[in-house]
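Working notes for the structure below.
Chain nomenclature is as follows: A, B, C and D, assigned in order of appearance, with residue numbering initiated at 1 for each chain independently.
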Amino acid sequence: MNKVRYGMVGGGEGAFIGEVHRMAARLDDSFELVCGAFSSNEARSMDSGKALGLDEHRCYADYFTMCEIEASLPLEKRMECVVIVTPNHTHYDIAATALKHGFHVLSDKPATATLKECEHLSWLLEDSNLLYGLTHTYNGYPMIREARERVAAGQLGTVRKILVEYTQGWLAGREEDRGNAQAAWRLDPAKAGISCCMGDIGVHAFNLAEFVSGLSVTRLAAELNAIVDGRQLDDDGTVLMHFDNGARGTLVASQVCVGDENNLRLRIYGDKASLDWQQMDPNTLWLKSNIEPAQMIRTGTPATGPGAAANTRIPPGHPEGYIEAFANLYRTFAEEIMAFRDGEVIDRTIPGIQEALRGMAFIETTVASSTKGCRWLDMPKH
Amino acid sequence: MNKVRYGMVGGGEGAFIGEVHRMAARLDDSFELVCGAFSSNEARSMDSGKALGLDEHRCYADYFTMCEIEASLPLEKRMECVVIVTPNHTHYDIAATALKHGFHVLSDKPATATLKECEHLSWLLEDSNLLYGLTHTYNGYPMIREARERVAAGQLGTVRKILVEYTQGWLAGREEDRGNAQAAWRLDPAKAGISCCMGDIGVHAFNLAEFVSGLSVTRLAAELNAIVDGRQLDDDGTVLMHFDNGARGTLVASQVCVGDENNLRLRIYGDKASLDWQQMDPNTLWLKSNIEPAQMIRTGTPATGPGAAANTRIPPGHPEGYIEAFANLYRTFAEEIMAFRDGEVIDRTIPGIQEALRGMAFIETTVASSTKGCRWLDMPKH
Amino acid sequence: MNKVRYGMVGGGEGAFIGEVHRMAARLDDSFELVCGAFSSNEARSMDSGKALGLDEHRCYADYFTMCEIEASLPLEKRMECVVIVTPNHTHYDIAATALKHGFHVLSDKPATATLKECEHLSWLLEDSNLLYGLTHTYNGYPMIREARERVAAGQLGTVRKILVEYTQGWLAGREEDRGNAQAAWRLDPAKAGISCCMGDIGVHAFNLAEFVSGLSVTRLAAELNAIVDGRQLDDDGTVLMHFDNGARGTLVASQVCVGDENNLRLRIYGDKASLDWQQMDPNTLWLKSNIEPAQMIRTGTPATGPGAAANTRIPPGHPEGYIEAFANLYRTFAEEIMAFRDGEVIDRTIPGIQEALRGMAFIETTVASSTKGCRWLDMPKH
Amino acid sequence: MNKVRYGMVGGGEGAFIGEVHRMAARLDDSFELVCGAFSSNEARSMDSGKALGLDEHRCYADYFTMCEIEASLPLEKRMECVVIVTPNHTHYDIAATALKHGFHVLSDKPATATLKECEHLSWLLEDSNLLYGLTHTYNGYPMIREARERVAAGQLGTVRKILVEYTQGWLAGREEDRGNAQAAWRLDPAKAGISCCMGDIGVHAFNLAEFVSGLSVTRLAAELNAIVDGRQLDDDGTVLMHFDNGARGTLVASQVCVGDENNLRLRIYGDKASLDWQQMDPNTLWLKSNIEPAQMIRTGTPATGPGAAANTRIPPGHPEGYIEAFANLYRTFAEEIMAFRDGEVIDRTIPGIQEALRGMAFIETTVASSTKGCRWLDMPKH
């Protein structure tokens, strides 16, 4: 066994998502944290790294230094992959730096601050011949894989309607004024880019809709709202979507839905059957029709196919959750990197640069449509 | 005790909704069916009436004859109220005829085929000094009354976001070509008017959104779809709504959501708390906030207020359903008519001409907006 | 159409279950209340009857008088059936009197105060050649009929384990001391007989277990408790059961489960598949196995068989509840009586004297077992 | 940071629970696997260890050798703790060996094969002054900690009734004859001890009932069944329990409930309020009363207390599951061991030898009661 050695950018003490990434990386024992630039504050980066058991020589002041120095270490010691868990506005520079120094990239979403940056990143990636993964966490749930396989197998017939919603309540008040760092950067155009709600959660919903249906949005019309007074970015919105096979879709995303925790739900209706999945009950997938009783498909049971099975660890009825979904992406990316070491390429099953481009296009198109009074706009093709 | 005597128009053998009305009328013993014009086919009307135990002299060939003859009977014998359960295109004429002959009207929704007809009806009603009720059934559920009272009491704070959805699957196939009379008339512009899905179910969702929130839609933008090939009317649609206090809303209605039975759900988010109600689990109302545990408010429990209590018959845990909700409207309308007999006017708590006008305005505005490519349009004021 | 004419004993103003019976009788229009002895207080009986629209000559002071006078009326006018909605201790005398005067009987459960009374009643009934129905309400739910048919069709394989529970919270406090008449008589041995909890709700659970499984309990061991201080009768208990095919069962009943409304749940496990049904979500029946996804069978859908279909009024997703289940028993009993008028006998599908005997045997055996320290006792055979 | 170094006994390739322990140990990075005796087959142990990245010198042929050799290593290198994940019959010897060589013990349940063994173990432990933990996994769920705190705080009033059930379907067929090693040893008296169902899952249910209620069972009466033909040990059973404050309890456990995955549910009823928790929806705890609406208490929300908070990693709505619950026990045991290094003793919050003794007493008493025809027996005191 030879774990993938990774360095982390961001995720210092007090950050939320960095530790989630590290738990995901540890769970299946396929990644090993070897270095990091955990904070733009050097002392804090050092303290964070040491608390994580790192050698202090590999706790770096910034990601550029990290890439420079790591690239000079012996091959068998240096990191192989950079994990990016910083606010959006820094993603492009970090990813570009990593690629230029020969490191694979695993990045939190959205991929970049703008679509243009993302396109540049895609060119760099193509030139580099390296690997890029995007942690659309929900994509890693076994029942999402099951859903995708069932759509692909034609169990729904022709997909005609997609309803996807992602509602949270945590930004219903002005958390950004109350010392909540997570809220503050997400609502700050300088750090988050042109969107809060669509960039933070709408894009997850969009990713699931395209990933599970196997369809692409061709046109959309959106209304984004800043429901809470004084916000420069959207905290709420609805998007009407046309898919490339003619299917219609409605996407609702909101962070002001007080009382909602992390309600992500995907419903896909074909002309024969439909699927329904909810993130807060992630091990259940409903398959429904007008004729047969609804079927409750469950993680770990004989009814599931290879995609679900490959992302399941324990028997049915022993709930696997968010960290496990995250770990599924990590484990899969590790397999890809291990194949890369051997000069092999394996089928990509987690989101990568293509999904990065689609996500950025979605964010920019929804904002543009909303600015124009909910006008129908074409989605860029990628 | 002196039951309200009613005559029914429509609802002959084979019809669905007529028998539901009659069950609702019987449940609380406040209405008595005394006559009817159950079908445009005279023999069938006669057979239906006799099967219902009516005197054959009071089984009429058509509603006009019914109104004429009944109006000539002694006051204590003649019907007091006409119940209309025919397809949409006939509602106006029947209601107008009833009012002109001095009878109260209880009508299935939508009130008329067009907004203009509905406005005419409102003038006739005003002149008549008679009573008019509209059977937005879902309005009769105890937890809808509870929800309305809690919003009115300020428990949600300022309402900011309304999500309402009504999805069914029964029109996912071409039922209109397979001898399904219910499908056939709803999809026939000559009988249904300008909309199928919005006129049949979207308008229920709209009614609940306004009724429970106490707000009015001022503007909307809609996309309606005929998902199933060859349909002249919409079987699906999404409506973006602005409310008079600035709140935003999204309404999804569809009849092609294969596998969905009768999924009507209303979520209202304020700045303090939110409510969530689903018709298929009608005796449960959720009150949620970011701070306290979600509360599951249940029909028949001490936590409910006067509106719910007045519409509840049995102890908690003994489910009351759709017929009971319908009967709540009947019972309430009976109370109104009984007061009318005594020259009294009591507070209106069930939908009437105002809701009829709002509903017709909603249908016409969504169709107009959709025709114009999802343009924002003002809702007419009433 | 010729409704069944019935007289009611009990159910005067303030009583709960009497009005439920009347709603059930009205819903499908197959019964007509023609007389009653609504209270042991003559004036109150008279007032109750008049409030129900009865002729005052048919509001009787007591059930004996009622039976005497009604029996002297012309055949086409007199009641045909006595509905008994009084406390348990009076059931036998009323039913016996009704039968002796030539009237059918529809009785609330438990059938009598003792098993011996019930045996006497069964002999009287046999002699009378009249009809007897017992309102085990839950038996009337469509999904209970569906469950029974599926077990009978062998979908579960051999039944091996039955779990049935019926928990309520309403007697968690000393309601009997706070003017709650329902609580007072149920906890009074002079009126309720030898058991409160088992006689009031345990017997419903027992009935469902035998009815749906098609099996009979042969032996049982029980512990009954009076959890609330000072009670002479049980308010809680657990019963271990052996069925005639060797299957094992556990029945839990309690009225002190604070916070529970009317939680009646039946789970039947065969060697191939299992069923799960809950009264508070009555239109859903689960069919589960170790191999296939669980199926959610729903009232009104094409997946249901004749028993469910015959007890369903409206399309799926329009909830039918407790009153509808009750009305199903009434409608079915009316069909039986109408056939009787014509000298015909139709297949019995609602509980009758056989279920009455089984229920009384269950109550007496559980009490006896509990008194003997949870000793295993044979159930009497009937 | 200085992780706890552990060695594992059992858990070689193909075993299920060993890998779950290792995931739990890794998740929070507080344990490090340094050695193991993964199989009684030496070559397999070696292969398993190497696959886990261990130095081959620390892959041992058996646990005795492991303990001997590890005890001879330098203090800072040797393992500190033995994790036992073998079948029941070996637990005692392994734990005793570990303690005698100066190692802490973390053991899968049940603690030993007999109560007598467990008592011996408790004496050895007392003499050793070392630490012992028992992985009653479900004990590690945040909502179980929340439940315990709420009972202790008096929110339920006096506890009067406990219903606990644990039903699975995986042993509904003769899996032991089909090469299922998990089934085979659990149903083999030589390996499992005197009970399958009660020893494997009933004891978990018992542990939760005592842990959450803070009460102790004083007497019980049980019927255990071998539902599937040919089994020497129980695969099903029901236990009636009396608690030390007079409360009554019913425990149902079964492994033949076809279609059930891992249905562990605990309901505790006080005289004021009740709690309801289900393992398959682990982040929800219900608090119910007869007066207020039921409250849905959720992991990660402000409504939870210190016990839940200490066992939660991520925000509400991001499901944490079985592995996380397991990891909570590991993390807590690591904290205990780290304090031990410093000569400190911290409050025990995970199950230990006391729970081990209670569990073994429960298993033996239920078997004895069942053998005597469901006779009431006193539980031994510990």
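What we mean here is this: a contact is a pair of C-beta atoms (placed from the backbone, for glycine too) under 8 Å apart; a residue touches a chain by one contact, two chains touch by 3 or more.
Everything quoted here is computed from the prediction, not taken from an experiment.
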(request) Weigh B-C against A-C on C-beta contact pairs and write down the one with more. (result) B-C
(request) Tell me which chain's centre, taken as the mean of its C-alpha atoms, is farthest from chain A. (result) C
(request) Determine the centre-to-centre distance between chain C and chain D, using the mean Cα coordinates as centres, and give it in whole Å. (result) 43
(message) Need the CA-centroid distance for the pair chain B / chain C, whole Å please.
(response) 35
(message) Just the number, please: Cα centre separation of chain A and chain C in whole Å.
(response) 56
(message) If I count partner chains per residue in chain C, which residues reach a count of at least 2?
(response) 170, 260, 290, 294, 298, 301
(message) Give the list of chain C residues in touch with chain B in this complex.
(response) 1, 3, 16, 19-20, 22-23, 26-29, 51-53, 168, 170, 260-263, 279-282, 298, 300-301, 313-324
(message) Applying the document's contact rule, which stretches of chain A touch chain B when the two form their complex?
(response) 160-161, 163, 165, 167, 169-170, 172-173, 221, 223, 225, 227, 236, 238, 240, 248, 250, 252, 254, 256-260, 267, 269-274, 286, 288-290, 294, 373-374, 376
(request) Name, in rising order, each residue of chain D that touches chain B in their complex. (result) 287, 290-298, 301-303
